[in-house]
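After this come two complexes, each holding chain A, first together with chain B and then together with chain C.
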Partner chain A sequence: MNVAIPKTKAEQALTEAFAASASKLPGGTAVKSARNDAIGAFSALGLPHRRIEEWKYTDLRVNFKDVAPPAIDDATAVSAEDVRAALGSVANVDVHAVVFVNGRHRKDLSTPGAMAGLEVQPLAGALTSGSDAVTEGLTTTTGPRSDATIALNTAFMTDGAVVRIGNGATLDKPLMVVFVTAGPRAHLTSVRNVISAGDGSTATLIEAHVALQGAATGGQTNTLSEVTTGKGAALTHIKIAAGTNAAVHLANWNVSLGANAEYRGFQYTSGQALARNQIHTVYTGPGGKLDLSGAYLVRGNEHVDTTLVVDHAVPQCESRELFKDVLDDRGRGIFQGKIIVRPNAQKTDGKQMAQALMLSPDAEFDSKPELEIYADDVVCGHGTTSAELDGDLLFYCKSRGIPENEARALLIESFVGEALDKVEHDDLRAALSQYATVWLNAPRS
Partner chain B sequence: MLEIKNLHVKLADEDKQILKGLTLSVPKGEVHAIMGPNGSGKSTLAYVLAGRDGYEVTEGDVLWNGESILDMEPDERAAKGVFLAFQYPMEIPGVAGLTFLRTAVNAVRKKRGQDEMTTPGFMKFVKEQAAKAQHRRRNAEAPSQCWVLGGEKKRSEILQMAMLEPTLCVLDETDSGLDIDALKIVSDGVNALRSPDRSTLVITHYQRLLNHIVPDKVHVLADGRIQKTGGKELALELEKSGYAEFTGKAA
Partner chain C sequence: MTEPTWAKVHYPKIDFQDQYYYSAPKSTSAPSSLDEVDPQLLETYKKLGIPLKEQELLAGVKSSQVAVDAVFDSVSVVTTFKAELKKAGVIFCSFSEAVREHPELVKKYLGSVVPQSDNYYAALNAAVFSDGSFVYVPPEGVRCPMELSTYFRINEKNTGQFERTLIIAERGAYVSYLEGCTAPTRDENQLHAAVVELVAMDEAEIKYSTVQNWYPGDKNGKGGIYNFVTKRGDCRGHHSRISWTQVETGSAITWKYPSCILRGDYSRGEFYSIAVSNGYQQVDSGTKMIHLGKNSSSRIISKGIAAGRSQNTYRGLVSAHRKATNVRNFTNCDSLLIGDKCGAHTVPYIEAKNSSAHFEHEATTSKISDDMLFYCRQRGLSSEEAVALVVNGFVRDVLQHLPMEFMAETQKLIGISLEGSVG
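Take a look at the complex of A and B:
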């Protein structure tokens, strides 16, 4: 029996918004056709809901209610000082910055000049002027097929960074791509980064999603980063989503690792009403090393979902995951981590850990590790824990004169610190640690 | 002066009475030892003095310098000069020993109305206190690596004690797990802190610690009460005769 599920208000609004804005979105015929296919696919899929296993804990039919108008050619006045203020401690890290405001590249706010070994082009321009072969690469992903969030990104993407790190290049400072939400009106913002790290290159890429003080709340952001690392490349990729003001933040990382490549991904999320961070990684050659980690600070009614798939498609690769959630009030943290080891992926070494610190009896942590192992000569393990603050350590701190709230903060920082330690860039790690401290000391509503 | 008056303590979530009318005074400048068999309530006494959760005082009081401390939070007690050296010292993962120590020292100084210490001032203070407690650096090649970073938990506990400048030191079975050399080093640290303004309560199961930290008085704790009080020679008697006399009385 085939029962048509009635479309939700948001599903309808999304297809209508696409129809109304398609002609204004960047790209020639081939791109337009890819966008049309994507909205068609979305229309057939609908918003994911709890009956779809991967979306069991994050029901977008329920949580994605209103659709703000898509941000196209936005011209909100924003100063460099505004951006610095929005970035907080991260603004002090020495980087080469490329800034986007409401999904549009802002040359005036970006670091002028070039960096050796690095090419950065705004996606909008690449979609408009690129050959069909180029735009095909920009409109397709290695992420999961039949994913509504990816389909929406392809349909609506306005801009982002197309990054090419040359073979053998070593970037002398991190590249930071900043996405700023600004202005009095909420928007649906859709951005995409397409990153390729050349063979033997070494680079650090930071993606920061932040909002200006006083920016409208209630919008939606949909961000996707498509990452390809060449043979022996070493890429560090950091995503920061700190108070983006969005009601819904949908994020995808699709990463493919070349032979002997090393990819270190870290995600920091706080002050996010609802976030779904999907990470999909696949190895394309042996000897790849993957290290994924993250820290999530969740309070109020916030909901942060991390869903990742590590696909050991080839032999002799290593994967490590460490995710730490701090959950307060009625905050909800979700971790779904699937490790697939294909039949020929012998000598796979995979370890995964997800830990939640529960600061309130009303907080909820849902953790679903999955191992799908089809090879026989592998070492794979996963673990998950959820615990309250250690009463013995709390007493220890207090017995040394440290007041309760400072002692709690110290122990929370110690918990989060283990994940933050995965960030090897000293200034950036210090800046993120400062984010966590600010979060801990924020006045409670 | 520490005055423990007719102290009755039970476990908070269990109907189990542990201390059953313990009375004891430790005047300023004195070191008293509490000895007793396992399960006599020694550690409970230490925790109740420091203010740990999980215990309920059903009767009696604890006065420190004439003021009841039972309603105070552990950090307030620390500011009043109470220090508990743990049987098994703790560490906070990922927090460096010196960072923790500085946080603690400044928290206590703030509550005592003293100025917080700057980094150089604090480092100088660490060096002074470590020298006073006769702690030598473990590795002369790495002068910045004060031994406190070496993970020698018991010794770092004694340095904490020196740094927080307590007036009431409670040492809970601080000899547990120490070899004879470590015992001597820890004892030297405690002895260095003996002063006319400080009361010290050494809780131990064995007499051997008291060869190094010589007490003014020895109390025998069994079945939740002080069963006998004497001079330092009482510890030697106990070493010979054991606790049977007192546990027998308890049964």
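Take a look at the complex of A and C:
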């Protein structure tokens, strides 16, 4: 249908905000032109709505009404202690940390110790000083071409981490990129990480999006991670989006896997008013292994959407997905997972599972696992389930003398635990498990 | 309304001005002997081994215990066993007759499950439908004494077929209905846009089985029927039950989603499907189970077999309304791929709007195991026989839900459909 849809207030506000702030955004001529192209593309696309199949369950025209002013050169005072407090149990994990506050790199808060084979640079600097070839790599993505959230990220991105892991390098401890939302004013924060793991390298990267105590509510984050893994590289990538400030969190991961590379991705989301986690992965060489998993804790009126595409473009690759949603109150969980097996991608092995546990009668779970298969010598499958807590299990626990609320917590933790077990780093897994416990014990709204 | 484009089917744009919306068969009485039947069709019957019920009808065999309504082109030509059915109080007649004889029933129920504005092809059907079948089973536990069957055939060149079926099972009634579809070989693509409405009141049960063998086009993908069908059952009463069983082997394009609206408490919907595609066939089929009543349950078993250059898609929806507590669904859709030029896709939508809904969905896609084929070949079966054997094993869960008389034929039909897919 070619019916012209009138622009929403938010769409107009975004275009106007870009016009007002374009001159202050980092980057040379090539970057500026990429930004202009992106906002042009966004104007043509508009905010995605439910008539677009991929956005059937998450209508941004409805859910993204007011646009906060873009955060540019924000100088909110934040101390290292504040960041530790915001990170909670994850602060105790031994990592190299790179900290960004309201979309701006903060050297004073970062502890990026020197590691052989690791190069970390703030994106703002790379966009400004990099050659055209470098900046082109930083402004293009392997993600879907006509995605409005990606276009907005390209247009507005202020900073992020450019991470290069050298060929054969093995990082001694994880690198954590922390994005902190702080201050009394709500912002639209747009950040981008560009991560490349060299051939045969091994690394763990944590991406944490947290809010300081007392940060303004109603903020918006648009984050994108562009990940490329070389031949035989092993990369673990963990994203934590844990907020308390009812924010909108639009996230994209665009991952391309080299031959025999192994990529383990995990996402933890809680406390977001609206979260859309998009993951787009493509294999560029045979023998790639992908393991994606996630735990989403949703309550109140929160809305968490996970949409992923696994594109088996080459033969002999493997993919595994396991996603768990815990839905309380009027929380809404959405899972859309598509496995594509291209005509020549023989010997593909793909399995996908999405499960929801509904704790309240008003919760809602929508799931759309998809298989699109054009090759015959494949083993592919998907499963999805949704249910409330099993009464029999609850009864069993109670009959063993465990009080009802403890029994419930136990069962919920074991449900989420299956996904958390995918995190191989012991301290981090324990920290995330602590997150889940805190969430469970939080006073009900 | 605009033509829907979301299905994974591709075809040249249909010129709806260039369709023949009504065609009467050349003689209004049934053909008197098998000689009048398309020889290619007879050959297929021969391969099937067992004469189809349709063939018996054509041959004038009256001993069969299946009541048949035959719709040729746009007109219902003959309905058998009317008197016997009448004794039980069951009305089984052509749609045109129902309009004349039972206008009050037609008025009450027509369009109540599939309104004329439901979708593009339902609207087309509502505008131009000419005939079809009508079944009414009266209340208080009447069991229809025999299987009812309708046989649809497009004989005339260049015509489309737009029939309408309406089945009403009153309180406690039971009816089993089978439709068979076929068309002789034609070069042009022909359009078939039917609407089927089922209404099951309290404790009623309707079993609807389809064996669809429309002409699928030749081996180069030329010709064949475009099958755009809207089928929906409404479980209006408590403890009502509607079961769809379909065997889809024909048609160049199949666009068909037999659905159940589970309105009554404790109602049950079932969907069993075998979709076989070969050559250049495109199948986009599945079901919708819309749970509105408390404690309603549904079950979906779909088996897709893609061979040659065909594309076979399962597309389904399972949803639970906010107030539909304790609903259950189990979905299993498996796809089998034969050859590396075909595609098998699964697009399920699962929407649970309350926490007491228990939904399970699983889907798998794989090819026929070489070990199995090797074993069969070693036992002296040809590769085609081996494939047919393995495929029949794959679809067994669904075959069991077909009425007895049609199980054996269907097995053979699947074998015939897959001819030329291996080697």
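One rule holds in what follows: the second predicted complex is superposed on the first by the 439 of 445 C-alpha atoms of A that agree within 3 Å, B and C clash if a C-alpha of one lies under 4 Å from a C-alpha of the other, contacts with A are read in each partner's own complex, and residues count from 1 in each chain.
Going forward, contacts are C-beta pairs under 8 Å (C-beta built on N, C-alpha and C of every residue); 3 or more make two chains touch, one makes a residue touch a chain.
From a predicted model like this one, the values you see are computed outputs, not experimental measurements.
> Please work out whether A:Ala387 is in contact with chain B alone, chain C alone, both, or neither, and reply first, second, both or neither.
A:Ala387 contacts chain C only, not chain B.
> Looking at A:Pro403 after the superposition, I want to know if it touches chain B, chain C, both of them or none. Which is it: first, second, both, neither?
first
> A:Asp421 in the overlay: touching chain B, chain C, both, or neither? Say first, second, both or neither.
After superposition on chain A, A:Asp421 lies in contact with chain B alone.
> Which residues of chain A touch chain C once you look at their complex with the stated criterion?
Listed in rising order, the residues are 1, 53, 327, 343, 346, 356, 358-388.
> Along chain C, where are the residues that touch chain A in the complex?
2, 6, 322, 325, 335, 337-367
> Spell out the part of chain A that touches chain B in their complex, as residue ranges.
Against chain B, chain A makes touches at 391-393, 395-404, 406-407, 410-411, 413-414, 417-418, 421.
> Under the stated contact criterion, what part of chain B meets chain A in this complex?
Touching chain A: residues 50-53, 73-75, 77-79, 83-84, 86, 90, 92-95, 100, 103-105, 107-108, 111, 160, 164 of chain B.
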